[in-house]
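In order of appearance the chains are A, B and C, and numbering begins at 1 in each one.
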């Protein structure tokens, strides 16, 4: 068990590999770090560099203080679960589980014991003599996880391990994974593009885009205090309302309505206002920041309705605000008055996209 | 040579360890003999020099320019190659189109269509020599029975007919190779294309001209390239069927090279003949692959 | 018109079901013609090999002989060391096939996956080399064989056959390796396999079908090879079938033993006919992979 550190990792000029520009991260023992980002953001490349399957152009990977940047993958004592599971098709489940241990010349008795333990933990006892071809997707996924666990590795790496499962199964396996890795002491690095997985599983999330870490923080903080426009837009569903508004004095203008700015040193000509649809509600008489507009689209999402409102505006192009409203709430005449609670509003710089509120500075670790 | 400190460096070293045995084997059997032929072609080494190599510069090449037998064998080769490749292509395409239909026993028919390709050419040459036999051959018998001829034809004894016979045998032997390649190409064409085109009102012939042929072109060119090279170097079939006769009418370049070396023991001149044949082949391959690349670049946009 | 793609038949036809199915009839005729074209010459040789000498030399030709004989076959084995020829062919073909696979499989893996420097050049070289006819090599090889004293030695055939089969082996296997999921190799690396262990323990079992495909092709090529066998082997008991059959002669120049020649042809082709019957799909697969993917 050891801490895993990535220092200024860079991978460029390799035609078949998605580039990584500059990634620095630390994962401590017992931490579950998720690399979250859209496809093409470089998250898998980072994982593969940790595993030793790709070589960084620049930067360093340290494990327990030791530089392992150029060490052979097999000598790093890491275990990895692949999206396609990558089970050896000609080996039975127990042979698959034992394969890595055999290479390390671990005594036969111990291999047997460890395989049995893992099989029991994951409920694979019945399957031990089957080959991957004779199993369902869910079973194969468990074997893949088992093959990683049995290694008792210093780091666990998981590359989108749930994305080949159907939606129902995925939810169950996600819960299982959380339990399993809660008992492991080694650092876990998990790659996904699915924010639900990132939110539910991790103790820490690194949002990646374009080969850079956009924000590194616990999941709740990523959600409540997105460090920049990218994170704000990527995390959360339905997507956060992000509106570019002109500023006048201490106010931003949303259609015909004025939204007071928080204290920022200099008021820029334009600013981006962000507010999650679930934070927008029907205005009560005592609400201060209200906007009015016309409903033009209602999408039923089960528990809520996602209501798209065109904000009344006499002089500029009308802006659209989406609100997640309880289904029992009614409004009259398609005209609606909404409240934007000040504590839920995020402000972003138009140019850099960075969050403008001091306590929400980018929290990348050095 | 390899930076074994890096992952990539070690990978490179492993790659070369894996490749080198095969590469050495290839260099030993392909590389050395070709280079050796270039070297030998600058020497005279025959019975006149008591089989000792004597440097003679480009003598062998100037001798070649005035060597009527060489030029004749060259033309024979060209005629043989062009006619057999063209015939094979037409026939091979037709067979591929037939085998691409749905019919009872298709698997079995496809199997029998491969058989000619798989059989030893030398033995097939024997079979065809027997079929074209002047006294007891089945070809003469059929033609006599049909009343097309009155007396048996000496197929392998007449220059033109002997050429026809070896071309026919070669076409029979190698058409399956082309059919296999083209059939694979046909099967990779999406049926949707034909359906869409037919809905647009295309006739089967238009379908063939506007969809099948253009999409099959890469396979056709590859098959042609392979076949061209093989036909250009044909040896066993002709050696067994006619031995180059009658009177050199079917003596292709490889037969000429073979007898220059093995019968007249003229190694230097034989090597020069090898060099020229080699260069001609390389030239043809270069042109063909240039065409192929152009074509691939053009069709890759549409597929 | 028989030669139009099958999908055309699925397009709507005019109403009225009582039309004569021209398409079907023509297809059937075409198929029959193809079968006759491909098999008739072989069948004729088979028939000849079982005819008695008088029927072979009968004019007009006897198509349905009343007498059959095994004499020509017996003659091959009694008066000639035909078992030797078959064994020689089999031995040389099998050994060179095994060698071509042993040398070719690792090289093709490296070319497919490890992206070696100069890999593209090697590949281009291999592609060109597949087009070289044997005649270009035989002078140089003849010298090598004389130098090494390999004349009338199996090595004189095994080594060249291995080499001439290597390009095809590498091209076919490379295209198979490229189709394998890369995750498996990555997984094996993380598990601690080095490249050699991975090749042997993980990839080879998975490429077994491809090895069989390639092996069949190389076996066919080795079995059929003529010019090297003709040139490098002169001792009777080392000859391979194609050469031995081509050199069957009678007691005199005028007496050509048509019957034994036919019988030899049948014996020499039989193993390959069987291979084709059992492995038709694999042969087609291998040939297209070797040619088209390259």
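In the analysis below, a contact is a pair of C-beta atoms (placed from the backbone, for glycine too) under 8 Å apart; a residue touches a chain by one contact, two chains touch by 3 or more.
Fair warning: this is a prediction, and the values are worked out from it, not measured in the lab.
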Which of B-C and A-B has more C-beta pairs touching across its chains: B-C
Most central chain, Cα average position: C
Chain whose Cα centroid lies at the greatest distance from that of subunit A: B
For subunit A paired with subunit C, centre-to-centre distance based on mean C-alpha positions, whole Å: 56
Centroid spacing, where centroids are CA-atom means, of subunit B and subunit C in whole angstrom: 15
Distance between the centres, which are taken as Cα means, of subunit B and subunit A, whole angstrom: 59
Junction residues of subunit A, two or more chains touched: 52, 72
Interfacial residue positions of subunit C with respect to subunit B in the complex: 1-8, 10-11, 27-28, 30-31, 34-35, 37-39, 41-42, 44-45, 48, 56-61, 103-104, 106-107, 109-111, 114-117, 119, 122, 125-126, 128-144, 159-160, 162-164, 166-167, 170, 195-196, 199, 220, 223-224, 226-227, 230-231, 241-243, 245-246, 258, 261-262, 264-265, 268-269, 272-273, 275-277, 280, 283-284, 287-288, 291-292
In the complex, subunit C residues that touch subunit A: 181, 183-184, 186-194, 197, 202, 205-206
Residues on subunit A engaged by subunit C in the complex (per definition of touch): 48, 51-53, 72-76, 78-80, 82-86, 88-90, 99-100, 103-104, 147, 151, 157
Residue ranges of subunit B touching subunit A (in the complex, touch as defined): 5-8, 10
Residue numbers on subunit B that touch subunit C, as the complex places them: 11-12, 14-16, 18-19, 21-23, 25-26, 28-30, 32-37, 40, 93-95, 97-103, 107, 109-116, 118-128, 130-131, 133, 135-136, 138, 141, 144-145, 172, 176-177, 180-181, 183-186, 189, 191, 194-195, 198-199, 204-205, 207-208, 211-212, 218-219, 222-223, 225-226, 229-230, 232-236, 239-240, 253-254, 257-258, 261-262, 267, 270-271, 274, 277-278, 281-282, 285
